[in-house]
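Below are two complexes that have subunit A in common, paired first with subunit B and then with subunit C.
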Partner chain A sequence: MAAADGLAFHEFEEATNLLAETPDAATTSKSDQLTPQGHVVVAVGSGGSYGVEEEVEEEGDKTALLQEEKPQPGFWTFSYYQSFFDVDTSQVLDRIKGSLLPRPGYNFVRHHLRNRPDLYGPFWICATLAFVLAVTGNLTLVLAQRRDPSVHYSPQFHKVTVAGITIYCYAWLVPLALWGFLRWRKGVRERMGPYTFLETVCIYGYSLFIFIPTVVLWLIPVPWLQWLFGALALALSAAGLVFTLWPVVREDTRLVAAVLLSAVVVLHALLAMGCKLYFFQPLPPEHVVPPSKATALPPNILLTPTMSRSMATS
Partner chain B sequence: MKPADGSIMNETDLTGPILFCVALGATLLLAGKIQFGYVYGMSAIGCLGIHALLNLMSSAGVSYGCVASVLGYCLLPMVILSSCAIFFSLQGTFGTMSALVIVGWCSLSASKIFISALDMEGQQLLVAYPCALLYGLFALLTVF
Partner chain C sequence: AGLSDISISQDIPIEGEITIPVRSRIRESDSSTLNESVRNTIMRDLKAVGKKFMHVLYPRKSNTLLRDWDLWGPLILCVTLALMLQRGSVDGEKDGGPQFAEVFVIVWFGAVTITLNSKLLGGNISFFQSLCVLGYCILPLTVAMLVCRLVLLAEPGPVNFMVRLFVVIVMFVWSIVASTAFLADSQPPNRKALAVYPVFLFYFVISWMILTFTPQ
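Showing the complex of A and B:
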């Protein structure tokens, strides 16, 4: 199926496509297949779950370390995590593009991650998303103040911490729960093994990327446009998650598959709506007392920040 | 973009970086902001973070002094930005654009030196992004 011709990389793409559709097809590849620029090509397959496959050796000094037989270093050393940061710019960009445009036949893990999950993408996407949420949340208040001078704005730095904690907890705890659940149901599944924990983290991390431009677009103060952008981003992101998880839950009972997929989508929707409502809550004008008299000014200044904080936490 | 010579980081030198940090604090002081603590604190924590990240991303390790040295030397455009802030306020369109340009300049030059010294080809943008976040924090300090 994979001929050892000049376009070795392209051939492998086709093989991966067919493999994603029929997981029990037998594939053979030459063990000395080289890719043109030493670009990282995956070692597909984990044991017997994919039928007959052989590992494709790749050349490249960056990945030579991984191929050597050496004892696994402890998780408290740097070298344990080094293998998870071994990505190029082009690989990260390719993974981001793959998460932005999910397609039914293409499994994100098989196509883009190629069984080499990285921690760089999820970590920095979460950091960027938290940072952008906090900044745009403050910017909406600034813009609201410019439009309506009676609104009192004070920089709300606590939003940075709230954003950070929320995004990182979501991006790490939900994959943990999902991974645990899939492993628990492993016995039901014969053909395809569950994803490793890091692959699940990668799936979730890259699926959050679409929210970064959406959050920036939420600065536009038109409510129906904001909901439209939110729905669009949620649809793309949830579709990516569902298409990636579908091959894994396909062999399970229909009830479990439906419950799992709907739980994933609902959690994602809750995150999106929570972010929209918490960070972009406009200060309603009737709750803000306009500074009518000079003597009444100090109590107003004390009053409006507490009002805005109580509005934000409600 | 011309690649930087990889051997320039063979000897690490912290005199220049400390001088630039002091210069940044001094120009901020002249602009009316007393924020020496933030400058030193963010430099230290940023150096730690970039040091950890570069050790994870490169096959050869990197010492803390090398990271501090490169980041400190590439802070010079930020000193130029904060000296501009003495004469006119940066809170406007021109200020924002120049801050973005300076942040890009700092992070691209820092990442260029890192990847040529540590021989990490193809990862320049991946290194530039965390450096851009760090220099962005300095720019926030300068602009606001």
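Showing the complex of A and C:
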């Protein structure tokens, strides 16, 4: 019966359909009972949508922001980009938790993103990771110097630039390539369409979150513990990626699926290992000379990376 | 005849002059500030900057930073900080402290990014107001830099480091408290943490640069 349906929880789009139907019902049968229920339907529907939209609507935006019927604002308007930052604190925290604990049945995109990807998470997780890498790399050097006073300490600010460029390129170019590849193979799949570009960026961005505490834990100067933490973080992160990509890739040929998933995992492993080796390599002791003797050493000894292996194991 | 007898017809033209009282002397038309002496002009701006410094040092709920924003203060602070943080040009090695340009870029692009983030999340603060607040709240960290520079003139050692660490931490917390006092109200309540976290990251990076500064 339309009245019983009207009291159930509906998504916003269905509520407007019911609202279109109830005026007809109101005129034919007990109108006094039905019109208040018709209002209740609307109230439940509007209460059920995210309260966030109402707050964003209060901004002086150029285009209408009713969720179910707005035309997509053009990419030159500010409100277009505002739609990518339409998240609350609790939603961001929930997505981070979802990326930390991947489970085989739960698809990150469907379960946590709920088809509303955001750009806040990927952008600030990448920024945090880049700065944390540079800072802890620097701290490792300080701690190495405290133990072994012959190591020369310097702030090494260029590592911030390197970290930033690496992380941002990885987190934005690799999803671009993946998205392009999945769209190219779209014809082979029937059931599930490819993820949008933003969803792919979200998957990668949130999967990098686990590396932030791992990088901080890499301060502990025990090598096997560092490799253990690294392997753990890589396993969790890559598992999240694989579980999310599996439903999309499952319908493709086995060869393509295997190659794609292994490429994703290998790239992720390369990133983790590259960060570990580049940022956490204390400088060799030959790097240090008291300033009076600086002219005695030829300059290219200062720059050889092979000497660093001897320091890495100590 | 009382007032009730008066009837106003439609075609009586109304003439007159309306004078709007000028609210603050700063908003006068250009012709009256063009003739003043240079000293007056500079002192006026310096006093405005100084007043905002006081508001940052003793953060209260006031609108001065937001209402009369200016970017002179942030520029002075950023240039001072970058000049003090840059490494000397004598050593051309790759590893060392930041260059002047790197500090400058981090401060200004960091502030612009945080402002854009705050606006995209739905805050109702204007672009330049937010830049102004973020720039002025670097003042405690600039003071920390000066103190660290003085402390580094003494002999190096763990006590030296502890003193610097303590000063930098105190000033870092002061910066964050000052900036959130001004910025937090402009965000919807369920997104405050999302808007404040980048500010935390920004001042953390600047504090890190100050703490790891070693004179060459």
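In the analysis below, the second predicted complex is superposed on the first by the 213 of 314 C-alpha atoms of A that agree within 3 Å, B and C clash if a C-alpha of one lies under 4 Å from a C-alpha of the other, contacts with A are read in each partner's own complex, and residues count from 1 in each chain.
Rule of thumb we're sticking to: contacts are C-beta pairs under 8 Å (C-beta built on N, C-alpha and C of every residue); 3 or more make two chains touch, one makes a residue touch a chain.
This is a predicted model, so every value here is computed, not measured.
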Which superposed partner A:Leu219 touches (first subunit B, second subunit C, both, neither): neither
Touched partner set for A:Ala127, first subunit B, second subunit C, both or neither: both
Between subunit B and subunit C, more extensive residue contact with subunit A: C
Which superposed partner A:Ser154 touches (first subunit B, second subunit C, both, neither): second
Subunit B versus subunit C as contact partner of A:Ala269, first or second or both or neither: neither
Subunit B versus subunit C as contact partner of A:Ala257, first or second or both or neither: neither
First (subunit B), second (subunit C), both or neither touched by A:Asn138: second
Touched partner set for A:Thr89, first subunit B, second subunit C, both or neither: both
Overlap of subunit C and subunit B interfaces on subunit A (superposed complexes): 78, 81-82, 84-85, 87-90, 92, 120, 124, 127, 131
Subunit C contact footprint on subunit A (complex, rising order): 51-52, 55-56, 58-59, 78, 81-82, 84-85, 87-90, 92, 120, 123-124, 127-128, 131, 135, 138, 153-161, 302
Subunit A contact footprint on subunit B (complex, rising order): 52-53, 55-57, 59, 61, 122-126, 129-130, 133
Subunit A partner contacts - residues on subunit C that touch it in the complex: 93-99, 102, 117, 119-122, 124, 188, 190-194, 197-198, 201, 204-205, 208-209, 212-214
Contact footprint of subunit B on subunit A as seen in their complex: 61-62, 65, 78, 81-82, 84-90, 92, 120, 124, 127, 131
